[in-house]
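What follows is a set of structures for review.
Two complexes, one shared chain (subunit A), two partners (subunit B, subunit C).
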Partner chain A sequence: MPYDEALERFEPVLGLETHVELGTESKMFCGCPTTFGAPPNTHVCPVCLALPGSLPVANAKAIESTIRIGLALNCSIAEWCRFARKNYFYPDMPKNYQISQYDEPLCTDGYLDVQVEGKTVRVEIERVHLEEDTGKSTHVGGATGRIQGADYSIVDYNRAGIPLVEIVTKPVEGTDRLAPEVARAYVTELREVLRSLGVSDVRMEEGSLRCDVNVSLMPRGSSEWGTRTETKNVNSLRSVERAVRGEIERQAAILADGGRIIQETRHFHEDTGATTSGRSKEEAQDYRYFPEPDLVPIAPDPAWVAQLKAELPELPSVRRARLQAEWGVSDLDMAAMHNAGAIELVEATVEAGAPAADARKWWMGELARRANESGTALADLPIRPGDVAKVTELVASGALNDKLARQVLEGVLAGEGTPEDVVEKRGLRIVNDEGELSAIIDQVLASNADAADKVRSGKVAAVGALVGGVMKASRGKADAGRARELILEKLGVQG
Partner chain B sequence: MSLTRKTAAELGELIASREVSAEQVAQAHLDRIAEVDGKVTAFLHVDAERALAQARAVDERIAKGERLGPLAGVPIAHKDVFTTADMPTTAGSKILEGWRPPYDATVTRRLREAGLVILGKTNLDEFAMGSSTENSAYGPSHNPWDLTRIPGGSSGGSSAAVAAYEAPLSTGTDTGGSIRQPAAVTGIVGMKPTYGGSSRYGLIAFASSLDTPGPFARNVLDAALLQEAFSGHDQLDSTSIDAPVPPVVEAARQADVAGLRIGVVKEFAGDGYQPGVLARFNETVELLESLGAKVVEVSCPTFAYALPAYYLIAPSECSSNLARFDAMRYGLRVGDDGTRSAEEVMALTRAAGFGPEVKRRIMLGTYALSSGYYDAYYGQAQKVRTLISRDFEAAYHQVDVLISPTTPTTAFPIGERADDPMAMYLADLCTIPSNLAGNAAISVPCGLADEDGLPVGLQIMAPVLGDDRCYRVGAAVEKALNDRWGGPLLSQAPAL
Partner chain C sequence: MSAITRDEVAHLARLSRLALDEEELDHFAAQLDQIVGAVARVAEVAAGDIPPSSHALPLTNVFRPDEIRPSLTPDQALSGAPAVEEDRFRVPRILGEEA
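Showing the complex of A and B:
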């Protein structure tokens, strides 16, 4: 069903579960390294392979990071809580139980405010808890790449035991047609918060940030939530938005036909944007949770938690508000910069000495246009904020005008070196040698006698054409203001 | 006197003073094993060459003038539930047959560091689940007092080895009585230290919140020396206590009870207790009074619920702990013929690899943890556990230690209770409360029952980290009774 029609008939309720691999040096319960991309099964030991007799020891740094995430998301921090075992058999989980947290999470009841179309939406956080990642299975043969129908499967336990933080929102109601945008904005903002805390490299494509999207629909006018589905394998911000939109459309079509939604896990397909059915959750799996007896309870000292809170870095939303005030830009401009990923770039350019207005003008104008053309992210353009600052400095000093500056930027992007290098190599400096300029003007006056006469006879406005001629003859390098003055002087007219 | 009849402390001194070599001592015990273990079957694995090499290494260090610990060069039998990098480790189960761990348990490592010579690995009930060793996948061990009877369990191989003079010392693990009950029925000393006092790292888990490594010996001082050798905080076990080891050796040497307040647990008597067991226990109570202790009766009403609570908590934890035996990474693999799924191979392997008692407990525990039953079973059992701890706390306000018979009966015949799990579980009636509370408790011999002439154990219980009290009282009882008997009880055992 088309999205607009779906929204006329139904109201979506969202829920987001985000898994974040923490960037600790060692795994959650043993000393193995956590670095990505090592040869399979080389970052393993008796503990993370669950050899008989081995025991877990909790990683203090991971607990600290989880508490910091909770604090940044305005959560309450438990004064006493325990790990729990989640029991189920699967070959990529060495112990056949996952050490997680169940009814005693480290952090509860927080929120994250996100901006969507100029409005603030408060996404409430249900819980933030700490657990361990599983190994990685690869199913070889078969049509689906899943375990069913595979010829054989291989398992890499390097990932088994990497600390994983799960952040679960409360159901998000009232987003209306903006549900997909809210979902995306939430994950975007969450990612920035996590990045600012320095707790994870938050790379969705490498799986260090993974998002499950829960969607249900209720008919307009109803207040009873519908059956929800959980969509996994959503590996980019754009996919978050597409997955929500797609699931709203799919569910609406089923409901409109009088069908019912099956509570299930669905898999998102990046190529088609569609989801396909996975494991049914109708018969809820019994994980037989119980408190992990191999680990002692976590009882963070309130004074330590208070200290962690005091030492939190400036959070992205606070920082944006501060920068907006410092730069004196409108909400809309700020939102545009945020969406374009330009805030850090502008900030760094300002730090390198450029006026905020100029920094913003170049990043959101010429450079945004070029990023768009080449289909790359602004931050991935091969130009540094320092280069942009240098260009604004050259313009301010009169050495460049905007047209030349654009050529300098083009040169830097093309790999021709620093802005100075490009100016030098391409000979782009404004002509402010009076003799050279004077000679160009003489030429132009000689070949535009009509216009010169008009100016002499008092039609000063005609000087524009002559200045244009000078700019053309100098291939844009002349200082237009000085050229105008000299022309009028030569023609004996007061400016 | 034969080297195998000496105490561990004596052997340690003889070796340190170079009156005998560690190699001679090891050889004497290996000879004894060769002579009697065909009847006792205490060992699952004996590595004579490696033992002799370890002994020679100790001799060399002593020859160089190194000062080693009091047990350097003393042989030990090691329960086959601790991982050993140089020997197979089976936990008494087919599912781990042939498995060679790549690492040593912390207890194993500390035995080696103390210079103890590991003779081999001893038999046990599969995954330490049982009270007789009849649940071992490799057949039962036999009680040296009467080879037709059980040596206790689960650490029955370890108790039998020490009682049969195959080793002066052995290790055990105690989850519900698996050290104290075998010690009691074989006439030796067995100690369950405070939970967390000795590391569980490398101990193949049965029930994580209860499992406790501890020592067996033929006398109280030897047990204390061994406990001291392998105890203490371990960073690899989060539940290990970061506190000094209680002064157990000093307490074992002190061996007096003058002025101590001793509580007799009222609930541990009556139906199901063998008269000969109660008779020896009551005599020991009188003995303690005559030695200057103040004995009072103490009531711990919740102890009546200890057994049912234990049989919910221990199986629940075991159902999860044993999930890792799935044929994917190590151990037995059944049905992997290229046509079956991983799930089928897991199921076939577990069906073939686990014995009936292990399966029974996995199923009990799985049920007790199930959604909808958790609160009624596991949750309720944890509440009972808290109440039992409170009963202990209240009792320890009145007295310094509590005493009881270690077991309601003496060693029963092999086969008698094998098909009756409830009867088997009753063997641990008196020992389980200390596990649930995490307290220390020891069993020392206190005589032979009149009916069958078999050993009876006295259990001495103390609060968390009160291990030294167990040794102090145990040593006093031992001293007085040995004087009365003209030697250790074990010297009355028939020759093998």
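Showing the complex of A and C:
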């Protein structure tokens, strides 16, 4: 069903579960390294392979990082909590269970405010808990490479036991047609918070940040939630948005036909933007959770928690508000910079000495246009904030005008060196030599006698065409203001 | 009265991927019932003034520093595996046809 029609009839309720691999050196319960991309089964030991007699011991840094995440998300930190065994029968964990947290998460009841179309939406956080990541299975045989229809599977346990933090929102109601945008804005903001904390490299493409999207629909006017589905394999910010939209459309079509939504896990397909059915979810009781006997309870010292809270870095939303005030830009302009990923770049350009307005003008204007044309992120353009600051400095000193400055930026992007190199190699400096400028003006006056006569007879406005001629003849290198003065002087007219 | 039903044992067996026949279901239902009954007797002793506990030792906050320790080599890691392919543990089909 088309999105607009679906939204006329139904109201979406969202839920987001985000898994974050912590950037610790070692795994959650053993000393194996956590680096991505190692040859299979080289980061494994008796503990993460669950060999008999081995015992887990919790990684202090992972506990600390989880508490810091909870604090940054305005959560309460448990005074006492335990790990729990989640029993299930997949070989992606060699123990036949995953060590997780169940009814005693480290952090509960927080929130994260996100901006969507100029409005603040508060997404409430249900819980933040710590668990261990699973191994990576490759399914062999069958047509699709998926678990269904495979003949057998092969498993690499390098990832098994890497500390994984799960951040679960409360159901998000009232987003209405903006549900996809809210979902995306939430994951975007969460990623920035995690990055500012330095707890994870938050790379969605490498799986260090993964998002499961829960969607249910209720008919307009109803307050009773519908059955939800959980969409996995959502591996980019854009996909988060697409998955929510796609699932709203799919569920609306079923409900409108009088059908029933099945509570199940669905898989998102990047290429089509559609989801397909996965396994139907096991009930929580089927996981037979119980307190992990091999690990003693965690009781964070309140003084330590207070210290971690005091030492939190400036959070992204606070930082944005500060920069916005410092730069004196509107909400709309700030949001545009945020969406374009330009804030860090503008900040670094300002730090390199450029006025904020100029830094913003170049990043959000010429450079954003070039990034757009080449389909790259602004931050990935081959130009550094220092280069942009240098260009603004050359413009401010009168050595370049905006037109020449654009050519300099083009040269830097093309790998021609620093802004100074490009100015030198391309000969882009404004013509400051009065003699040279004077000669150009004489040529222009000679070939534009009509316009020159108009100016002489008092129509000063006609000087614009002559200045234009000088700029053209100098290939943009003349100082337009000085050219205007000289033309009027030569024609004996008062500006 | 029986606390553990035959259906519950069948459900548990399915979750554990154990193939139990009819006779075994009855057999284990009775056994599990006895175990649950024995545990229930402990509950009778545990009065309101005894806090529930999950651990034998009154310890909290046993952590290790975030330091790398040597891992096994792949050969060592895979030496006990019944089947190996491409340096990975090879396991039988995970989901049956019905999934």
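Everything that follows uses one rule, which is that the second predicted complex is superposed on the first by the 491 of 495 C-alpha atoms of A that agree within 3 Å, B and C clash if a C-alpha of one lies under 4 Å from a C-alpha of the other, contacts with A are read in each partner's own complex, and residues count from 1 in each chain.
In the analysis below, a residue touches a chain if its C-beta (ideal position, glycine included) is under 8 Å from a C-beta of that chain, and two chains touch if they have at least 3 such contacts.
This one's a predicted model, so the numbers in the text were calculated from it and none came from an experiment.
Judged by the touch definition given at the top, the superposed model places A:296 against both subunit B and subunit C. In the overlay built on the shared chain, the residue A:286 is in contact with subunit B and with subunit C.
Contact with subunit C, but none with subunit B, is seen for A:25 once the two complexes are overlaid on the shared chain. Look at A:156: by the touch rule set out above, it reaches subunit C but stays clear of subunit B.
By the touch criterion defined above, A:171 reaches neither subunit B nor subunit C.
Counting residues of subunit A touched by each partner, subunit B versus subunit C, the larger count belongs to C. Of the two partner chains placed by the overlay, subunit B and subunit C both lie in contact with A:91. Of the two partner chains placed by superposition, only subunit C is touched by A:61; subunit B is not. In the superposition on chain A, contact of A:43 is made with subunit C only, not with subunit B.
Judged by the touch definition given at the top, the superposed model places A:417 against neither subunit B nor subunit C. Shared contact residues of subunit A, touching subunit B in one structure and subunit C in the other: 46, 49, 51, 57-58, 87, 89, 91, 94, 147, 153, 155, 286, 288, 290, 293, 295-296. On the side of subunit A, the complex with subunit C involves touching residues 24-26, 30-33, 39-46, 49, 51, 57-63, 80, 82, 87, 89-91, 94, 137-140, 147-148, 150-157, 279, 282, 286, 288, 290-291, 293, 295-300. In the complex of the two chains, the subunit C residues touching subunit A come out as 15-17, 54-55, 57, 59-74, 77-78, 80, 85-95, 99. Residues of subunit A that touch subunit B in their complex: 46, 49-58, 85, 87, 89, 91, 94-97, 147, 153, 155, 284, 286, 288-290, 293-296.
Of all residues in subunit B, only 82-83, 89, 91, 96, 99, 101-103, 105, 200-205, 207-209, 235-239, 316-317, 319-320, 323-326, 328-330, 341-343, 346, 366, 369-371, 374, 378 touch subunit A in the complex they form.
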